[in-house]
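Working notes, structure below.
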Amino acid sequence: MPPIPRQSSLRPESGQRPWQALVHEIIYEADTPAGKAFDVLLLILIIGSVAAVMLESVPSIGDRWGDELRVLEWVFTILFTIEYVLRLICVLKPMGYARSFFGIVDLLAIIPTYLTLLPIEQSLQAALVIRSLRLIRVFRIFKLAQYLTEADSLLIAMRAAAAKITVFLVIVTSVVLIMGSLMYIVEGDPNDPTNQFTSIPKGVYWAVVTMTTVGYGDVTPQTWLGQTLAAFSMIIGYSIIVVPTGIFSVEVIRAMDKSLSTRSCPSCSKYGHADDAKFCKHCGAPL
Amino acid sequence: MPPIPRQSSLRPESGQRPWQALVHEIIYEADTPAGKAFDVLLLILIIGSVAAVMLESVPSIGDRWGDELRVLEWVFTILFTIEYVLRLICVLKPMGYARSFFGIVDLLAIIPTYLTLLPIEQSLQAALVIRSLRLIRVFRIFKLAQYLTEADSLLIAMRAAAAKITVFLVIVTSVVLIMGSLMYIVEGDPNDPTNQFTSIPKGVYWAVVTMTTVGYGDVTPQTWLGQTLAAFSMIIGYSIIVVPTGIFSVEVIRAMDKSLSTRSCPSCSKYGHADDAKFCKHCGAPL
Amino acid sequence: MPPIPRQSSLRPESGQRPWQALVHEIIYEADTPAGKAFDVLLLILIIGSVAAVMLESVPSIGDRWGDELRVLEWVFTILFTIEYVLRLICVLKPMGYARSFFGIVDLLAIIPTYLTLLPIEQSLQAALVIRSLRLIRVFRIFKLAQYLTEADSLLIAMRAAAAKITVFLVIVTSVVLIMGSLMYIVEGDPNDPTNQFTSIPKGVYWAVVTMTTVGYGDVTPQTWLGQTLAAFSMIIGYSIIVVPTGIFSVEVIRAMDKSLSTRSCPSCSKYGHADDAKFCKHCGAPL
Amino acid sequence: MPPIPRQSSLRPESGQRPWQALVHEIIYEADTPAGKAFDVLLLILIIGSVAAVMLESVPSIGDRWGDELRVLEWVFTILFTIEYVLRLICVLKPMGYARSFFGIVDLLAIIPTYLTLLPIEQSLQAALVIRSLRLIRVFRIFKLAQYLTEADSLLIAMRAAAAKITVFLVIVTSVVLIMGSLMYIVEGDPNDPTNQFTSIPKGVYWAVVTMTTVGYGDVTPQTWLGQTLAAFSMIIGYSIIVVPTGIFSVEVIRAMDKSLSTRSCPSCSKYGHADDAKFCKHCGAPL
């Protein structure tokens, strides 16, 4: 039986006027042509506004096209404001939306531009912080994830692996602290001008850069003892860093296996049976 | 029963002359001695032509052996042109080949050299683009992959993981944008001459270089706050980057399991038999 | 049936006075409110003492707040000394604790500060070593791991993979030695001032930095032959380094499967039941 | 039934004298106390000789202790020569050993030092090559692997993954060639003094350094277009490089599963049955 395509079914819920139901359908739903078009348009606007903020920060572009980009910023802000107001109006429980994750992000994305109107002293640093907050709007793209049911099994795997990842992070933190201060002792000769391990925090920074295999090379050991220690900590670090990869793979396999066994028990209707199960593991009825 | 070696079986298909069938067998097939020799020769020619383009770009070699390499380039181009024409002639539907992926690549690989004959103004940059296009011919080596049935399970795994990888790329993009602009705010003091985060795009470039653990070190944080933030983003980045490894492993396992378990028992119709199984492992009936 | 919360059950063991039992419960156990509060407080103290040592090593902070940080160091040391004495007093077998891993770490964490009182000549280097030893106290955070039963399956996986990891490390050591001396031969021209491979150990250091994909860039090949060799060793190195990831994933899967499948069906004695299974999936009998 | 410990069983094989059998047992076998002691001693000698070659290459050590290290080198060479001759004498088929992998490595490890006696002109470079050849002796440590049965499942996994790894390497080579020449076109402006992509091979070297996430930073893009392209190639590169990890994990799982199923069929004695198999998959007899 093919799935019935959900066409514009304008049956307003109790307490909702017809135009509210229509707007709700366009903004919050994605399985009607209008809703789909709205989502695509919104995505383009978000990418455009992020690009505008990024371009304005480039000195050569910001100096030349600064005025045009600021106008564009206001256009984006007004469009997002209209969207935010519409979202508030067309739902039955406006506070529910306003308090949700996307509600807060949507609000934070439009506030900064309005704040620049206030007669407060605007230091450059503060203005930058405000502008960059708009980048969080990118998270709205995650709505995409809602339509990808795959995201569910990812989340299940992440939640299942959370405890193991915590243990792992504690071990990594300890190893990084010990390696960093060991290198500070070995390399940190205050009388050596080429010495780059000037403090324990610097050593810990080096340890993180090394253990994650990022390896900038801005802090590197100069003595043979330091280089030997560094070589060992790389191999050890690599062995440690292998752990979460293994853990996560296992959790993804499990999450998928669970989502796979779509057989439900004819007696108790419960899911989650293994592939080779012959009897329901919940009530014992034959499957 | 051993597989019957497919010897030169010159039975021309309808509409094909005998010599066309012979050429078709040599060029398109690899299980006859002549076909195998042709494929090996072609591979050597492709590697040779790529090496010639690469060597010509090295200033010291290009200055000294430039003329010889250009002659070699014409030799390769003419040989590949003959091959392209033969491929078009000996198939029944020439347009089918011409429109296929390898047909387009084969054409693009020979066009650039002929373009240098036209009386158009040849800027250095344009000539370089044209030459490097020939490198795409390397993809013809992929024909190798056709004989490796392993490539199939790789493709199945990639297609199955595509949706999850998309979600993952959206998350990575968001994280990279947020980390990049955060570092721009923290580090990007325009009055500091050692500041390397001169714009948000530069910060995003840093974030990609760091999160993928490439870590060039051409853009690095200089302040303690920037280094702390960088250390955290490395550990977070590593945790995020672990996800696709897990996903892909799972998909490869599945793709392989599927390629294994396509035989069903004629007696009990159950699946899941190993490649070397001769009897059903569930009921004992011969497979 | 919900688990019975273990409330303060002050039944002293033989040879233990009531106040000893109380202290024992607070310090060694974590399932009473007092024990939980103690563990959280201890964790905060450990993080605080590590932070103090780290901050003191930063020249700008150490010069300005040195005296305050040294006072803080003494406060932490005295608190940890009290904790250590209490731990010794309230257990039945004090030597058992004193000889355990955490007993030794606890002692090593408090000794260094007292050593600075002795009238021995204190070279800067020695003082640094002593201070950094306190960082080992971070390992006490691992107690957290005791409450995370997940740590068990991690350890099982690590122990199971130990033999394979040993073989792997021997191979990596050989490859690293050979690559390092090969690069020394290719790159190490003593008459070239840009030459960075001044000895075989330097070449081996380069090989470790490269094979683990850390890639500082402090030692890099300058000749085309060296760069070609480096490119090959990166791809080979990557292939080798993939091995332990695979091994560990497999061991984690096994360890987890074992922790799952310890229940056997009372009717048919079969294993492999999921955690939430109430009936045997093979014969349908209640578990 | 416990395994019978193989004590010194001096039953000479046909054509072998008693002392030959004794030497054979000591050198080639490891399950008698004498054999074990010999292997440990040999391992120490190999590590010692490698360390001597490495230390001699360090300028500061080589200048001061050069004579002592050269004497040590002769001591090691003579000991290894005695060992090589004994190995040849005490086996029944000396040529079998001489042609085996370890036979060739053993010979190559002792030849270089003797070559320095010949009155040939010794350029520095040649002497270095000769010395470093001795490092190959490290491979003899692999004998260790023989006692670790784990090495078998590693080899099985590697052989099984070989075909897939070949496909993967062809793809990586193509991607690296295309990315490298693309970056050469984008970045390689011959009039720009900061340009680091001076030729296509240099671009390919950059691509390998980047795709394997090594990231030295000795060749980095300077223009915004080059940096954008680099950022994309890092993310693409990471996705590609994930593939062999997945493949290998799967092959290790398979190799282990095969080695796990130790149940043999009571009827045909064949191995390799799945865990849930109830009937032999080879002959159909119930297990």
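Per-chain numbering from 1; labels A, B, C and D assigned in written order.
Throughout what follows, a residue touches a chain if its C-beta (ideal position, glycine included) is under 8 Å from a C-beta of that chain, and two chains touch if they have at least 3 such contacts.
A quick note: this is a predicted structure, and the numbers were derived from the prediction, not measured.
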Quick check: more C-beta contact pairs in B-D or A-D?
B-D
Which chain maximises the distance between its CA centroid and that of chain B?
C
Scan A-B, A-D or B-C for the interface that duplicates C-D, counting it as a duplicate when over half of the contact pairs agree by residue number.
A-B
How big is the rotation, 0 to 180°, that puts the C-alpha atoms of chain A on those of chain C, in steps of 5?
90
Centroid from C-alpha atoms only, then distance chain B to chain D, rounded to Å. What do you get?
28
Hey, how far is the Cα centre of chain A from the one of chain D, in Å?
41
Would you mind listing the residues of chain C that make contact with two or more other chains?
58, 201, 204, 213-217, 224, 245, 249-250, 253
In the complex, chain A residues that touch chain B:
50, 53-55, 57-59, 124-125, 128-129, 132, 135-136, 138-139, 141-142, 144-145, 148, 150-151, 153-154, 157, 165, 169, 172, 201-202, 204-205, 208-209, 212-218, 241, 244-245, 248-253, 256
Which residues of chain B touch chain C in their complex?
58, 213-217, 224, 245, 249
Of chain D, residues touching chain B in the complex:
163-164, 166-168, 170-171, 173-174, 177-178, 181-182, 184-185, 188, 190, 198-201, 204, 210, 213-217, 220, 224, 227-228, 230-231, 234-235, 237-239, 242-243, 245-247, 249-250, 253, 272-274, 276-286
